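By written order: A, B, C, D, E and F. Residues from 1 in each chain.
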């Protein structure tokens, strides 16, 4: 149960429909996901979010599946249940195999454990990691 | 400033030295990172954590850099500052280019934004995402 | 499904009823929210939490709606689903318009994105931000 | 110590300088904050982030200070130390009084407490909060 | 609705059944929890996770209930709903009384509040807390 | 570097001094921690927070060290660096042995790992965990 109405194509404004049409065409799908229907209550945010997502997620120096796995890893650590489901589904659609998913989950689990341990002990950063500017 | 002493090789027990030696050999480095020196206060956790990390991070269905990027993505979303630095350094060591890092950060930033929006609106999960067992 | 029974008014102790009565009177509502019914398993925490909430949320230097938006922003970033729903409802009750909610969500989304980016790059704090005591 | 070099105006490309110039003009400041100097390693993300921030943070249905307090509340709950400092400074610059900051912190503290309690007990969402679509 | 099938004993491989059998014997239960059925899609992670959990959670310098309360406290702060339910149930099974649960929740709520306040003000660490190595 | 001045006893108001005096007497220490000096900018929050902490942390159904370990576990998972240091120091002061700290950290690390895995797979809650009211 969302905090907003889900805007269906039929009831959407022309401005929203234009975004929905571009999502459907870009992704070659018959309908947009609920995330976009929820965001359609906020047309400016809808347009800006879709435009950025479209640019950021297109294959470039990193391939489409790698980008999806990064997105999914962030979503898990950020505890966004909707995002976990949508990006797991998307990763499978982009070619993730069951064996890759198994390895992905093992990395995610391990990262959570060492994150917790490093925070618990407040491990000082090694000098060799520091390549940026002095604080 | 950590909550524990960093155990140096010279003062380490034989049990801890054996793990340090394996880390140095596996990674072809002259010294282990501070994380392992901190964990050396807890020899059982040190051994288990290194053994698991070694297995989980070796190339398999996913290549070494992809695994590192997943690890880094989790560490950022979990706000572990030590982990952000160590895994950024590690990703560069495993071949991440400046252009790939740029794309990686764009995906990470975007994921945080849509995570926040999906949680804020509590978007209902689309039926087609659901492949698992009924709750 | 909560981890505790929800205590209804009819079955509540006199101590709990007194808090429930004050909540109903203060908020001019017929029944208290589930949060208070759950907390009623812990009468001390119930009393203390309600007393503090009542004081903290009354209009003062900041008006009631601004306080509610701050509360909602924290609840979203803390991924508390119950709190997201209760404080969204409360913000509307305190006068938030649909257009204000749209702007609120845009700010929340943007904040999540730049939080993620600043953590990922570990941006050093600008000297001019520092007004407090030396660490 | 950041994971990237901070790009100073003198060494910046024309593309980056154009963004820096717009930030300085819009905010009427002599130099941009470190966040933008760090982001300048990623010109596309720099441009997009600044453009969105500029639009989202301008006064509209919510005034500038209210938006800043929402941004700060998210940054605290997301544990972004850089963001806490920059948005606290920004809130004072936009007129937050010491007394308002005191009330702001009280709300933030209270929100964290009830977030923790509601998550701990998994309080079921009240029927009256639900205005959106069926899940 | 999980992202994976829950593997039942009847359909499990011999490798998975061996782990399930050890869980059932160790805990003296008739069936394993859904967590293990979900993890059974990833036999290596299943084995490693169970082996580590078994070792880590056995009574030692800390008794079984204290360890369970620590586990539950982490799960609440990490906003893992499944984990909140499973470790609350487990704590009761290990002897937590209703009165202890009430005190536990009060500590958890208070910790969340002061965590939020300390992060909001970026309180400098007191010199006397620092027992570890120089950063 | 905090966002507020640390209020020293000498410059504190009578109202603040009364709280400082009670902290010093209750804990038998010569000076209060920085957290209280920071909070002293907000006398109402200072008084309320200290009063609640004093009540909540006194030994009751759970002993003082167990309560401290719960507080520390929450602080780690909430990534509050100040709180990690202050409550680690406090746990040692209340009698935590080096061996107990080792076991504590192992539990904390393990909890983070299974939290991450359970969220990643969105494991459905087992029917037997559900003792509360229907949602």
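The criterion applied here is as follows: a residue touches a chain if its C-beta (ideal position, glycine included) is under 8 Å from a C-beta of that chain, and two chains touch if they have at least 3 such contacts.
Everything numeric in this text was worked out from a predicted model, so none of it was measured.
Asker: Which chains contact both subunit B and subunit F?
Answerer: A, C, D, E
Asker: Work out which chains are contact partners of both subunit C and subunit E.
Answerer: Neighbours common to subunit C and subunit E are A, B, D, F.
Asker: Same residues or different residues: which describes how subunit B and subunit D meet, taking over half shared numbers as same?
Answerer: Since fewer than half of the residue numbers are used by both chains, the interface counts as different.
Asker: Compute the distance, rounded to whole Å, between the mean C-alpha positions of subunit A and subunit F.
Answerer: 33
Asker: Per the centroid of Cα atoms for each chain, what is the distance between subunit D and subunit F, given in Å?
Answerer: 27
Asker: Express in whole angstrom the distance between the two chain centres, defined as the mean CA positions of subunit C and subunit D.
Answerer: 19
Asker: Please list all residues of subunit D that touch 2 or more other chains.
Answerer: Answer for subunit D, listing residues that touch two or more other chains: 1-4, 6, 38, 44-45, 49, 52, 74, 76-81, 84-85, 88, 102, 105-106, 108-117, 119-122, 124-125, 130-135.
Asker: Show which residues of subunit B lie in contact with subunit A when the two form their complex.
Answerer: The touching residues are 1-4, 6, 33-35, 38-39, 45, 49, 52-53, 56-57, 60-62, 66-67, 69-71, 73-78, 80-83, 85-86, 88-89, 97, 99-100, 102-104, 106-108, 110-115, 117-126, 128-131.
Asker: Inside the complex, what are the residues of subunit E that reach subunit A?
Answerer: Interface residues on subunit E, with respect to subunit A: 1, 3, 41-42, 44-45, 49, 74, 78-80, 132-135.
Asker: Quick check on the complex: what are the subunit B residues that touch subunit D?
Answerer: Touch residues, subunit B against subunit D: 79, 84-85, 88, 98, 102, 105-106, 109, 116, 121-122, 124-125.
Asker: Residues of subunit C touching subunit F in their complex?
Answerer: For this pair, the touching residues of subunit C are 1-6, 38, 44, 48, 52, 55, 125, 130-135.
Asker: Mind pulling up the subunit F residues that touch subunit A in the complex?
Answerer: Within the complex, subunit F contacts subunit A at residues 76-77, 79, 81, 84-85, 105, 108-117, 119-122.
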